[in-house]
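One structure, as structure tokens, below. Some questions next.
Chains: A, B, C, D and E, in written order; residue numbering restarts at 1 for each.
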Amino acid sequence: MGPISKRIGFLLGDRGGMALLVLVLGAAIVVPILNLAVAPESPYHIPNYVVSLMGKYLAFALLALSADLIWGYAGILSLGHGAFFALGGYAMGMYLMRQIGDRGVYGNPELPDFMVFLNWHELPWYWHGFEWFAFAALMVLVVPGLLALVFGWFAFRSRVTGVYLSIITQAMTYALLLAFFRNDMGFGGNNGLTDFKDLLGFDLHDDTTRAALFSVTALALALSYGVCRYITASKLGRVLLAVRDAESRTRFMGYRVENYKLFVFVVAAMMAGLAGALYVPQVGIINPGEFSPGNSIEIIIWVAVGGRGTLYGAVLGAVLVNYGKTYFTGALPEAWLYMLGALFVAVTLFMPQGVVGLVAQWKNRLRARKAPAQGDHQVAEVGQ
Amino acid sequence: AETIKVGVLHSLSGTMAISETTLKDTVLMMVDDLNKKGGLLGKKVEAVVVDPASNWPLFAEKTRELIEKEKVDVIFGCWTSVSRKSVLPVIEELNGLLFYPVQYEGEESSRNVFYTGAAPNQQAIPAVDYLLSEEGGAAKRIVLLGTDYVYPRTTNKILRAYLNSKGISDADIMENYTPFGHSDWQTIVGDVKKFASAGKKTAVVSTINGDANVPFYKELANQGIKAEEIPVVAFSVGEEELSGIDAKPLVGHLAAWNYFMSVNNDTNAAFIKKWHAFIKDSKRVTNDPMEATYIGFNMWVQAVEQAGTANVDAVRQAMYGQKVPNLTGGMAVMNSNHHLSKPVLIGEIQPDGQFETVWKTEGTVVGDAWSDFIPQSAKLTADWTYPWVCGNCEKPKY
Amino acid sequence: MLQVEQVDLFYGASQALKQVGFQAEVGEVTCVLGRNGVGKSSLMRAVVGQQSIRAGRIVWEGQDITGLSPPERARRGIAYVPQGREVFPLLTVEENLKTGFAPLAKALRHIPDELFELFPVLRDMLGRRGGDLSGGQQQQLAIARALVTRPRLLVLDEPTEGIQPSIIKDIERVIRLLANRGDMAIILVEQYFEFARNLADAFVVLDRGEVVLAGRGEGMNEDEVRSHLTV
Amino acid sequence: MSVFNTSHRPDNLILYLDAVSVSFDGFKALNALSFYVGRGELRAIIGPNGAGKTTMMDVVTGKTRPDVGSVVFGDRVDLTKLDEAEIANLGIGRKFQKPTVFENQTVFENLELALAGDRSIWASLFFRLNGAQRQRIQQVLALIRLHERRDWLAGNLSHGQKQWLEIGMLLMQDPQLLLVDEPAAGMTDEETMRTAQMLKEIAKDHSVVVVEHDMAFVKSLQCRVTVLHEGSVLAEGSLETVQANEQVIEVYLGR
Amino acid sequence: MDRSTMQRSLKFFLWCALTWAVCLTAPLAKAASQDDLQRLNNRSFSVKMQAIKELGASGDRALVPALTALLEGNLYGRKTDNMVVIGQKSGQVYLLIDPLSGQELGQVQESALAKIGINNRLRRLIRGALGGLTLLSKDPALRLQAAQSIFNSRDVELLESLQQAIAREEDATILAAMQKAQAVIELFHGESLEKRKAAVILLEQVGGQDVRALLSQLVQEPDLHNNHAELYGVVKAALERVEERLRLWNMVGSLFQGISLGSVLLLAAVGLAITFGVMGVINMAHGELVMLGAYTTFVVQDLFRAYLPDWLDWSLLVAVPMAFLVSGLFGVAIERGIIRFLYGRPLETLLATWGLSLMLQQLVRTLFGPTNQEVSNPSWMSGAIQTSQGLVLTYNRITIILFSLAVIGSLALVLRKTSLGLQMRAVTQNRRMAGSMGIRTGWVDALTFGLGAGIAGIAGVALSQVDNVSPNLGQSYIIDSFMVVVFGGVGNLWGTLVGAFSLGVLNKFMEPLAGAVLGKILVLVGIILFIQKRPRGLFALKGRAVEA
């Protein structure tokens, strides 16, 4: 093995992941070309709305990836993961809001429209700094990271685990939802932040910008995958698994479980924040709905559908479920909930390891392996 | 294209499905009707229904899909303001056409949107006028109850300014906001009672939204708040919301709309009949947003016919000044600020869940995009015809 | 009489039992011996129905019970003391014992006093949760719980694990007594040779999932057996 | 301090429990328990079921907090103030009565996790197994006879195999003080002896406290024996003296 | 204004002129006639107002049926001859009654009648007028109402009849109400300072919100302040004492509201305490099972309306077992069809039941439509106990509190005292071993899940009384339910009970302090902090048993 292959050995170890990386990085290059350079009449042309849809899916995939990192590997079932996504989104939204300048309806160069008509006279302190991209970009990571740090520090130190943790994360996102709904918070209340014009000087409604955003999202996804893969393939990853399966035993071996959990929790929160920041300019709105507990549950469901505990599975799950949603809400607007619901039920019943596990199942059936890699032993996280 | 496509962008699932599904059916009914009459410009009209599932970003996505992929000529859709705000950038970017049929907080005028629901001056202000009048009970204290989101906040801000101008001081105004879907109203109804016991005639203005209304009215009834003591006038409660409640204890409470199902005239009777036939359920009610959809659809049809094409720019030009009969007997007119002129009605709840009109504006009221009671917005004018050509101008733009 | 015939048992792709067969007579103690991981517990789980087998037959009192579910087998008088105790952690000791009522007729639903004579500690701890007991106490509870069902076939998987010497002696006496009563077949998995030899009327030695030695208790040759128990 | 005389006091202590009491809902599992373990000592603990042996280990490893009393490790570290991980990092390792291994990881990985070394996040993030460590794991694998099973998920092991794996993990951890709860349970007689041999080997440069009910095992350890009963020390001494003690026979050994 | 409205207003004008003439000429002392009633049959509210005032003042008790009918919206003008009649709907037709003589006048179609409309102002007047007319009625309820009406109208003209009534009244409560009304009139219209002071003192003793309203209105009047300084002082002091007492009662009220909110939370959560707390199934479809219960109530009521209209009030008694059955059967089907394959994989149950909840919502939408369905409160659950101190204990809330306690009580009995309960707990703790003990685990699982689901259904019946019956019903309770169960400690019924009530009460004490939104946020933050202190809920199980 040469030094390079040694250094990226952690990537090579996971074949599904490699395929994913190639696919995502390929898409980052090919999709913009097919969208911008190929004539619209050509069958190879990718229309604009597909580009922005795919960009959205990839942002969701990044979010699912981060959720899988903590759920699949550390056993932290966060039902409030969407909160970090939303916070990242808001940080980006605030930057975009500030970029509008005096192009808002009331023409106020300082204040966003919603502040003007609700009679705010000056920009609240927490809005300052967001006119600079670098600051906003930092906040995209720092704000979710900080929340995760504080929340996680308290929760993990007090050894809140299992469903108790899940439910208080849900309480967290629910509380944030209500808080952001309040117009007095200064984040646009229920309507959230919209009407964005441009990002770093590029017009958001421009096709090139959209294609570029897509590529950036794909890159971010690939990079985050690399980070997650590095973490999970390292010994730290194995410690996390140990924590997931037998937390107190891990402690007796001298590992500071709370620090390990906190570490991945914060990393995942920052990734979710990044996903949110990439999502917002592509869909053009961020509002408190993103904090809703239902959204966070959905994230978990993407991961479960794809295959918990396999990073590329989470990505696959997010894309699949969201594609399904896009397709069915258009094709079967009245019955799509049946389809989606049935899909979830079917996945649990027939694909215990998610879509990814299906492949493994087939393989297993094809050649009986010497050692049973997938035993009947499942982890019970629910305290009884 | 050999067909003219109409996009229908109403939530069929999720929290808003309860209200929006009806509007989807209304559009489908209108399309059906139009096709029976031979279509539009000799072409068949095709409705493309999608479900944005009460998910606001999904509204934007679906709009893009409707316009770019399905190539629809017009979209009827949205209920909540946030869904409209989400759609707005897309529809402007792609130069689409949206008809928005619900009463809202105003403070908006887009070249690509026609607002056929009521602006605050077509609903809230007349309703308060009525409460303050001798006939409406000459209220001296007002409780503003609302769900905590932009429409109630804005409306109440406008109302507060208006009430102040009518000599009601801030001490006599109580404002209270609750989360979406709030279901436990015991405390608040109790507070209203307390507020009302300060010795001045009190009335409640409710901008409570959607699902929260049923438990609110149930609590009102059970705590025995009678309309003749503390009348409640609501802006978001129509026939459909009432159909979920036993209305008998609520008789006398009020709502302000531009339409009531109970309005007695031939156009309305025909509309109701058509609706019942279409939905195959003679118990289903009609309501104001349905009328707004009806007006919007008919206007669009007329405008297309007048323009001779479904092309968005041509249709938009043809829309200005377009008149269609509304269901309350009279004509709705599309103004150049993309808002309608409509009459305002105040109705009392009847035991059967219907409203009886107790007051009606003389003639019609012109919808205001920008409220006169918000200082920054009072300066603005929305006018999409020469010489303004702008949704938010302080001076004419040529 | 219990007859186990040509049983194959698999975990996924790996085979834990190969063509295993043996018999357990009523009124006798049949000992199953073998090193760690040779398949003793797997065999017991197959007998009580917790693990399904791929091939072979299990016949109890003349009936083929291979396809029956564990509760059905329990209703046919089969009781099981699993390795690792498996008491119900959140039920009290008393409730743990009462779970044994399920297969019994109404009239029989009481806890026999002899149980408390055998395991006096259980009487003292009736109200304590099973999971709070010490390891040995749990083991005693597990045995008592199985006896509550008045079994005709008692399957004991290393029942003396973690129990103090004096009680092991008691257990030994009781097993003998139960067997001598003549209405119960007892299968005992043991690694503790001494204990096994004292009790065994018949024995079976397993190695790598196969029966390598079987015979009557009196003919149990220590060296021969031990040779299979060492590596 | 009145209980001192029940337990002898070596000169160089590694563990020292002083009048420790633990009660659960009024039930005293440990009752003013005091006893000492010397550095480099091998100590066997026996006692009736429910005497408090496991509870004592829980107290030492930080799983259970004593109501009163102190637990001192080495010269002056009071263990009652520390949490499990801190205690483990001080050099106290434990084998549990009921084998607990990481069921979803392979035997090899279980051992690797237990491998002594820096437990910090950064260290684990950039950890790479070196040759010596790999060898050490191989050694232990051979010792616990799970060579062939090294790539099996630990969850698929039989009960006895899990016991061995636990012992192996304890060895990997290489602590100063080993607390071993019923290591021979579920082992054949021959394996029991082997375990005893192994513990004696270890005790040459470690301190070991072992709990067992198997008298043959205890005997082959050839060490001091402490008998616990109802949460305190009932007797202490060589196995012979203890076995001759009437009370011990009464409550524990039986006649 | 278009032509038709103009014509109409012209007609109004003529009508007014005509009726004015009538009222000027008609002598008032005379017994009321159809002519008097005719003035009610007028589209102008001011005409009707005047008419009601005069009719009320006439003191003619024959008018009571007509006025009551007017209040209830049952007074019509017959289109053929404009006669004012009472119309009672019976089936498709209306039964007509002469409002003065009580004679039946046959049946007509709805189209033959024109309803006489009223508004809130008229309603108030009519009640006042009826008060005067019914003071001496035989019906005690009417007399009480009359006294209250007079209290509200403070009509000095009625003082004399009021005094007569007081002299004759035997019922203590009614007497008190009448004296209160008398006091008010004397306070406002009395001549001597002494009498007015005495009135204030009497009112203070009675206390309550309406007295507070009255007194505070009085102190705001400049006339009193400037010209009657002494009385002003008395009134002000009385007001303060009344308010003091009200504050106290207010606390009691908040407590009640908290408990009542708690009972709703409890009901929503109990079923979950079984499926989730006992079985460990993260049942996201729990809310939908509640919703099914609510829809069952709707269907049952609808059937009652169609087939047993007289028994409508008791439909809930049927709805409770029906809802239990419907949701319970759904539960059994869910367990047998899906959940049973997922034991040992609790997190997958989250995914599957989430899918189920989507499907159930859509199912209901398809079957019943997306809109709210009407479920009415039976009359015995409508209204409230209102103390004079402003404490309002609504009957439906009281019923729900009692009901929730009954439900959790019987559940606890089942779990603790029956062998089924024991088996349920055994199975969920160690399914495999329970099987080997002879427990039919499949059965027990199905029954347990069915029980949890059935209780969810029962909760739906109760919730239909206070909330929307819509496809979204379930979603709005699911988060709260999980919160309650976890807050109380998973697997602990007692914890669920205490958790629900404490969250309810906390919520209701926060709400006035911080507003509904902020209050809710604070409660959530409180839960988060609380779990830090007690990581396994309020009534955490302790000891080895839990960790094992």
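Just so it is clear, a residue touches a chain if its C-beta (ideal position, glycine included) is under 8 Å from a C-beta of that chain, and two chains touch if they have at least 3 such contacts.
This structure is a prediction, so every number in the text was calculated from the model and none was measured.
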Exercise. Find out how few touching-chain steps suffice to connect subunit B with subunit C.
Key: 2
Practice problem: Counting C-beta pairs in contact, pick out the pair of chains that comes out on top. | Solution: B-E
Practice problem: Using mean Cα positions, find the chain sitting nearest the overall protein centre. | Solution: A
Quiz item: Between subunit B and subunit E, what's the gap in Å when you average each chain's C-alpha atoms?
Solution: 28
Quiz item: Taking each chain's centre as its mean C-alpha position, how far apart are subunit C and subunit E in Å?
Solution: 63
Self-check item: Inter-centroid spacing, subunit C versus subunit A (mean Cα positions, whole Å)
Solution: 52
Quiz item: Centre to centre, by mean C-alpha position, how many angstrom separate subunit A and subunit E?
Solution: 45
Quiz item: At which residue positions does subunit D touch at least two other chains?
Solution: 24, 98, 156
Quiz item: By residue number and range, which residues of subunit C touch two or more other chains?
Solution: 11, 89-90, 132
Practice problem: Pull out every residue in subunit A that's touching 2 or more other chains. | Solution: 178, 181-182, 248, 334, 337, 371-372, 375, 384
Quiz item: How about subunit B: which of its residues touch subunit A in the complex?
Solution: 12-13, 49-53, 55-58, 60-62, 64-65, 68-69, 80-82, 85-86, 88-90, 93, 107-108, 148-150, 153-154, 157, 177, 179-180, 374, 376-377, 380, 391-392, 394
Practice problem: Using the touch definition up top, name the residues of subunit A that touch subunit B in the complex. | Solution: 47-49, 52-53, 56, 105-108, 114, 116-119, 178, 181-183, 189-192, 194-196, 205, 283-285, 287, 289, 325-326, 329-330, 333-334, 336-337
Self-check item: subunit E partner contacts - residues on subunit B that touch it in the complex
Solution: 12-15, 17-18, 21-22, 134-137, 148, 176-179, 181-184, 186-188, 190-191, 193-194, 196-200, 211, 214-215, 218-219, 221-224, 226-229, 231, 240-241, 243-246, 249, 251-252, 281, 284, 330, 348, 350-351, 353, 356, 358, 362-363
Exercise. Using the touch rule from the top, collect the residues of subunit C that touch subunit E in their complex.
Key: 48-50, 69-71, 73-75, 79-80, 82, 86, 88-91, 95, 98-104, 129-132, 145, 149
Self-check item: Residues of subunit E touching subunit B in the complex
Solution: 1-2, 45, 73, 117, 119-121, 123-124, 127, 209-210, 212-218, 220, 250, 253-254, 257, 260-261, 264, 361-362, 365, 369-374, 376-377, 382-384, 386, 390, 392, 394-397, 465-472, 475-476, 507-508, 511-512, 515-517, 520
